[in-house]
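Reading through the structure tokens given below for one structure.
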């Protein structure tokens, strides 16, 4: 399995703190599959994984795997401060037929590079599934050094990396490291960097906005792969426009997830309940989101026909 | 319950990643009770709580409560990124007879002050036990503002705070806030600040070193309470000496926990296995710790007679 | 010269961006001398030194030295990113009869410990005056490690340190380092920590509030030196009250300097013009400061009789 | 003047702490002009400006302007903590015929967005030359918000921005802001990002490596402008290779400047003395640099024929 293309980090639709919105999840996955995504990443940061109980995490894995199996690869986030719990999730994911696990560094005690290397070696040797590294220093506060990644590339069962560092100097060096391993893949997190990362040889994006407008991201990826640079840059501008409109309504680092979840609710896809400590947008922000969606529809960034008929109702 | 005095954050003795060192834990608790501690705090950062599986966390709660019940109050750390899992632990702690829970802010998604306030209100309203706040910005990367603490003081079931910010300006302002609530307590984390915090009106310390040399900390606390300032400062110097000797062997933020755990192992109290991503000291560091213990014994900082006969063997 | 007691970091009164308020400066120095301060520190952070032209810095040195000479020691801040300019200031300070220079690490390029050590050795060997180290990581973003301080203690012409790290664990270790050098002094920056630092053996404070209410700080220092702990803690509470009232009006790190400067203006001591990029309080904040001064007068924190008759007019 | 293309941040060759290497500077400028650079930026971070005395800074301005005048535009860094000194430099630059000044935010007191806006308005209104903004949060610790840049675009005399944030999400938003102002330019600092920034519509690079291998950077820029994407990416890889080889020898943030200066010395262009607090590479690092230069020559990254005959001697 060499993962490439657009692999959205799936939002976790909730009805309550500990209750999955099952119908919403089904609609959401269908929406993305119809949009042409190349894989699904359940239980990432965008999926609020660390805020969910293990019961909900397991249910999420079961349902995503069941619906997407045989259609696109499914990878599952097992990031945790406890390696035992990560491995428990990994076993469940294997049982459900997932294709790989994704793990960011443990994020309570900062681990130094030798400890982090050993951590990943332990996780990998005890996990039944291939492992994808996940560099997310903004939330884990741990920097995955290039030397650590290089050392981990020696393990055949560690198969790729998702980089959400927002640091394109680091990203280019990741690409350079990967030259010797044909089956390795290097995915980018922030959607604003999708176009330039793929231009430079990156393998695709794990972009939150692909929950909303999967085709936009798929088209950007494909345009670059087809060497249509101008077309790619033009679509990339729409992605930037979507983010400016929907991710800047709240005031904090979580504005992005909140904006996506609120938009999905407005569009009739799923509930926008969020697990503590985050909180969905209250009515004033929701009204702003509604107005901005209308503007994005007018600007041909969002295609209304891809959503349920009652959207925006 | 107004918690005061020395309440050590109990080390979690492990035989393996997911196996408690049951005999070691029993010896450790006995060692601290004999040393005169005023309470026990299970599953804090020093107890490596975030690295442990929930099964081990529950067993730890059960055993500490059983052994200490009726002797000193037991408080239990439930810090987690998932409020549902925190509440699950809280219920188990209540079933075991614990006296309160301790919770630092969720530490994956940074919560802004209104979100953090709401988080604690939710946690408190659904928890069967009184709640102690835990300010630990170095590891959670969330600052608990004075306004948040002030607002939470309106909830009678929230009963105190442990401050590990290392910021004595903040700590003094916490003491000032508490003036109106007689039953509130303000404990200090870093042992180097025990003496000065109690001098200023603080209620005691949750100090890692009290796993090793409980009497030293108890005597410091009591000297200040008895207005014996010179005596208190003299013992405080020994505490500083102990820390300089034992916490500076490793190179990283976790050196302190590693030093304590290694020393407890050398002294015959319990195993020093550590859960990923941390790793116990290998032999070279262990030899340094042994040498330093000898020096601390010679300097009357550590009292050998308080340890099992085979200690240092 | 062993500096001890209260050495206020003198505010730099300005009439315009590049014009000293000469009369105001004279009144300010007189106010502090009458208040019993033990020395004066010109051109620190509170004195906005980095924002001033070298012409104004030289004039400030000349005037402070002239007025205070023979009464109390004068030390002069020469912190700069260019060692050549620091040495130019140092020579001018020597010509004016200053007693020592004070230097924080250069603050544009972060220097690693060996570079910082060498920097201070160079500065010291070429400076005509004794050198006082200044640890101010909040503004310089450079941590002065204990090893660096220890190595610099070998230079007889380096005579002490002012610590504004707000980290009392570090401060205690500074005191421990100084045990072998009788003539060394360890001063504290943040006034909230004055009492506890002196209790532990510190030599005094470089506290901004001593521009306003010098007696308050002098009395705290003397109470601790006379072993009157309860009295010291009581006055320390007034210092905390003064800071809460006057330093929290603005919204940023510079609120403290702005509050002091505005209060001095309201009290008829000197102009409150500030050099770019800071800006004095506009009228709404000035009205708040006026109200708070009245409350501090009522609470016996500020003694009106120490100010010019037209104060608050 | 719309600055575009490659505008190297000129290294400041020194013979001693306060003595310019005049011959070396002349050779260096000639080397870059022959290499086809489109402008010169004197006294940036790479030029160690904050570490230099004002006398040396003025001499540097005089000499660079004299040699380059009429050939390429010259812009001059006036970044300082004192606006008066920045304006003094600006007047000198105007007298010497420079084309614009470049200013990062003052970097001792952190300014909040309204203060920073006002600061730039003051600097601009009193400066005789057009002003280029310089975003360099890694060293100034001040974030220049997009709102601040947007507001400053209303001043016709503020003409562009150099962005060294390493944040391509921010950079893309800068490009979007500039849509309404035809004469505005947006330059990138880090050379690793040159190719992708120009692809997206950026106007060029202020890249340290262009002191060494100006043609490499000029060719990358021109390839992108000529829509030769594959060629551009191929040369960009050489730029990455150059940086990996020469900037990673030292251990700290200043490794990049040290590597450039050492290489220029090895290549016979100029002296590699550095102003405190930085220090040129000692012999062991210099030998490593020599070896790496040889490898870069073998790999066709560095073209020996562009250097003096005695290079590497």
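First chain written, first letter: the chains are A, B, C and D, and each begins at residue 1.
Rule of thumb we're sticking to: a contact is a pair of C-beta atoms (placed from the backbone, for glycine too) under 8 Å apart; a residue touches a chain by one contact, two chains touch by 3 or more.
Note that the coordinates shown come from a computational prediction; the quantities given were computed from them, not determined experimentally.
Chains that touch both chain A and chain B are absent from this assembly. Both copies, chain B and chain C, contribute mostly matching positions to the interface they share, with over half of the numbers common to the two.
Placing every chain at the mean of its C-alpha atoms, the farthest one from chain C is found to be A.
Rounded to whole angstrom, the centroid-to-centroid distance between chain C and chain D, based on C-alpha atoms, equals 37 Å.
The mean-CA centres of chain B and chain D are about 50 angstrom from one another, to the nearest whole unit.
If touching chains are joined by edges, the resulting network of the protein chains shown is one closed cycle, each chain touching exactly two neighbours. Residues of chain B that touch chain C in their complex: 166-169, 172-173, 176, 190, 192-193, 196, 199-200, 227, 229, 233, 237, 240, 244. The touching residues of chain D, when paired with chain C in their complex, are 17-18, 45, 48, 50-56, 81-85, 88, 105-112, 115-116, 118-119, 122-123, 139, 141, 251-254, 275-279.
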